[in-house]
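Before any comments, here is the structure.
All chains are identified by letter, namely A, B, C and D, in their written order; residue positions are counted from 1 within each chain.
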Amino acid sequence: MKKLINAPDAVVREALEGMEHAYGDRLRISYDPAFIVRSDAPVQGKVGIVSGGGSGHEPMHGGFVGMGMLDAACPGEVFTSPTPDQMLEATKAVDGGAGVLHIVKNYTGDVMNFEMAADLAKGEGIEVEAVVTNDDVAVQDSLYTAGRRGVGITVIAEKICGAAAEERKSLAEVAEICRRVNGEGRSMGMALTPCMTPSSGEPSFELGEDEMEIGIGIHGEPGRYREPMAPAAQVVDRLATAVVEDLPYNSGDRVLAMVNGMGGTPLIELFVVYRELHRFLQERGITIERRLVGNYITSLEMAGCSITLLRLDDELTRLWDAPVDTPALRWGA
Amino acid sequence: MKKLINAPDAVVREALEGMEHAYGDRLRISYDPAFIVRSDAPVQGKVGIVSGGGSGHEPMHGGFVGMGMLDAACPGEVFTSPTPDQMLEATKAVDGGAGVLHIVKNYTGDVMNFEMAADLAKGEGIEVEAVVTNDDVAVQDSLYTAGRRGVGITVIAEKICGAAAEERKSLAEVAEICRRVNGEGRSMGMALTPCMTPSSGEPSFELGEDEMEIGIGIHGEPGRYREPMAPAAQVVDRLATAVVEDLPYNSGDRVLAMVNGMGGTPLIELFVVYRELHRFLQERGITIERRLVGNYITSLEMAGCSITLLRLDDELTRLWDAPVDTPALRWGA
Amino acid sequence: MTEEAATIDHAGVLAWIRRYAAVIEEHRVELVRLDTAIGDGDHGTNMDRGMKKVLEKLDGSEGDDIGATLKAVGMTLVSSVGGAAGPLYGTLFLQMGTATAGSSTLDVGALADALDAGVKGVQARGKAEPGDKTMVDALLPAVAALREAQADGGVGPAAAAERAAAAAEEGMKATIPMEARKGRASYLGPRSVGHQDPGATSSYLLLRSAGEAFATA
Amino acid sequence: MTEEAATIDHAGVLAWIRRYAAVIEEHRVELVRLDTAIGDGDHGTNMDRGMKKVLEKLDGSEGDDIGATLKAVGMTLVSSVGGAAGPLYGTLFLQMGTATAGSSTLDVGALADALDAGVKGVQARGKAEPGDKTMVDALLPAVAALREAQADGGVGPAAAAERAAAAAEEGMKATIPMEARKGRASYLGPRSVGHQDPGATSSYLLLRSAGEAFATA
């Protein structure tokens, strides 16, 4: 296993130390329990926004802590949901009296741990709302299963809710916006290679030299099916068709489009993918009004990409454009 | 070969089209000859700054075009220096009457092509200065060889010179600052895996399951030697020792430290590397005053990292902190 | 059949927990492999991290209140395992602790009551039904086996736990042909068929550890 | 030895360029492999892209000015090859074009003058000396061989070009044991030893193409 690490079980802690050294001017790091919090937290009168999940998806979530986005992030072990004590302490650290929003990706572990944390925080008198994101169209939705995974829309929801909170919207309002973003967002991903967690040291799945895996998650889970390698245009058609038909996005819709790298794909390829997505949407009369191209929600060194769309309205566009100042997303500040 | 592309010889053009769709509000793209230019170019009275080089190192250079950094970037084919006609047209497009600086990484091809372009531009009455960066301590310096490669310091020089040009410093002054940055900067890189250009379809070198390559370049060239895999702490000691002893950087020095990913290394590992670099420099009494952790000058999907240091003085620090607004580097704007 | 005590005491419970920690360490890689096939490959690592924390915790523990010890185990698992298994095994132990609060010994009936309460907690938290290809598929048959042993009468805790382990093993193996409907494996849909559920496996190991620990207690 | 014309004309030069384009296409992968070993693996692709552009350019060209044609080839290579080879081969052809400006035929002496001027241009641009493991190591022996053929007298362009190709091949092979001091291979230091230089290889192919084209012209 080839990784720039010292020991598999020290990765998360040591990366946190690295972040502390790099961003100590803007972030505070707690190690036990582990969370990252903007250094001016709690911001009085502002809704606090907390997210978290397994590590290995960097920059999500720690890279999104800062003005205009998250107040705190809880990193679990690699690909493992964090624990309720982390979320509880993070919630307490960011509560400025206006309540705290938990943005939770829909994975059994994340949901259950955040639920326990919310119960504990409420027990301590903090108002908490949780919104669960579930935008991954690769997973069939059903009342009887774990439901769809939360993926790319989470990044966008964190940005937009962060802006709403900076405007001093109430907890109910910020939570409503979060639900709206999730409701108007859809994603799907694919992989050219598996990834390998430091502790397992084995590839998350096996792929032939001429195969790709469609409908991949962000935890190295195998996807829904595999196919022979195809040109980028076909890969995008495949992903974007599933995304567009699901909501559906219709001619005349204005969208925010994210082309996200899974970690091991060169940026030049992501721009080829973005070109194809632009063509695909243009053919359907859907206008890209805002975009994000890069590595935002990754799966360690997995090669591949995901596509996320968010249907925009004027308020969401305004909140997206609002200043943000975090390690991984920064504009207007 | 697994890449998100349509055809090997269409990658550069299609990625440019993707960039145009994504950043059309701030960048203009010329396709024949190929270059990327900030949309408000030429800025009257401002020194224009042009860089360029082979593609496959994204975000360098195209991602650094914008206010406070490059006026134009010329992308060659993957890992191949661009041609003089690209540089000539880019130079003409950004000349606001104050002359144009060419920032050239020291590779035979880049140097010769930029030289021809400068001759042609001068022939058309444009004042041109060229500064060649050569910060890679992995390569032995000698009058009789091609000399050291230009690597990570190029990114930093582009940022700092961009700020100097925005302050309306003269061409001679901006060039002097560029030479100063290059003189005070040193880098070294390593790889855990090779990369593969779209057109060759074969790995740039072979590495055993337990080997790493030290002193790697950014073009998939093999490094100076290979070694058994080692923990991040040792990798950093190895790279940072070579870097620090070369200038040398001494106790009391204040530096800008860049931990750069080669493209296929997860961000979480780069923070582990940054932690080790912080420790290493602290042990030697060298203070990190500014830092950059991420993928800035890459080698396609190569896994690995490089370390760059720049000795800071007050002017360089101020220029580093000045606003910059490009796709890949943005603050204060 | 050798003479067996009719109850296990606090030391027996501690032996069980310690045995489970050792068994999890032994099976860490196997659990990771099972989870790699249909999940994200962390189940073995998560459980091993958690049980090691539990061992640390137990080292300083005093008294003979089985309920308090089981609750402490649950709390430790909740705050150190993470993922789906953390809240689920945490809840299992927390509820077993509540069911045995104040007890310094447990007979087979009390054991059955405790596990029953634990599994009910797991189901309340995770909403999994039998057949969803989860730990519940190993745990429910174990509860039933304990109840049977209790009804049969004259069966000591070690023998009862062995029967429970055998039932859990059956239940674990029965997850192989199932299509997952809960947890991460459910994303695979039909591709989850043909793989043994990692959580059901770690649950079987929990019962097997009980059988082994109680037999030598 | 068959009777051979004492000069080659504009059509002969065009045949040479076209033959070179075909040979480069054939050897693209080999040149990429050689460049992968001690460089960045693009030499074959670069030259192939450039020579294809040259073919496009030649399709529309008129007249019989050999100098003008060679210059056009040089300009096209400069603006389409990139890398180190672009300016170097570009300069080679530009200087050959200058040396032959206005000529509609070339005898062996004129050929030698042209290549000599071209190689001097390459050395002026790239500063490579013999022994640095570059294309210069194939080109200089070729110039010497042409000069010898000229001095011998009675040797036609095809035979002279064949001698030049043989000399270039020797020079190319001689790069194998050299340690690179110029270009990208120099970064490898001693690890560059044992590999044949890609640029020397494409230069040998240039001379071999001349021999083949002139023989059938």
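Simple rule for what comes next: contacts are C-beta pairs under 8 Å (C-beta built on N, C-alpha and C of every residue); 3 or more make two chains touch, one makes a residue touch a chain.
Note that the structure is a prediction, hence the values are computed from the model and not measured.
Minus chain A, work out the clusters of chains still connected through touching contacts.
Connectivity without chain A: B, D | C.
Between chain A and chain C, which partner chains are common?
none
Please flag the chain sitting at the greatest distance from chain C, going by CA centroids.
D
For chain C versus chain D, what separation do you get between their C-alpha means, in angstrom?
Here the centre of chain D sits 76 Å away from the centre of chain C.
Roughly how many whole angstrom separate the Cα centroids of chain A and chain B?
Here chain A and chain B have centroids separated by 29 Å.
Centroid from C-alpha atoms only, then distance chain B to chain C, rounded to Å. What do you get?
Distance between chain centres: 55 Å.
Do you know which chain D residues sit against two or more other chains?
Touching at least two other chains: none.
List, in ascending order, every residue of chain A touching at least 2 other chains.
As it turns out, chain A has residues touching two or more other chains at 78.
May I ask you to sort the chain touch graph into line, ring, star, complete or other?
line
Return all touching chain pairs.
After working through each pair, the chains in contact turn out to be A-B, A-C, B-D.
Could you please specify the touching residues of chain B with respect to chain A in the complex?
2-7, 11-12, 14-19, 21-22, 55-56, 58-59, 63, 78, 192-193, 209, 212, 229, 231-233, 235, 263-276, 278, 288, 291, 293, 295, 298, 300-301, 303-305, 330-333
Looking at the complex, which residues from chain B come into contact with chain D?
Those in contact with chain D are residues 9, 33, 54, 76-85, 107-109, 112-113, 115-116, 138-140, 144-146, 149, 197, 199-200, 202, 204-205, 217, 219-222, 224-225.
State the interface residues of chain C toward chain A in the complex, per the touch definition above.
32-33, 36, 38-42, 45-46, 49, 78-88, 125-126, 181-184, 186-189, 191
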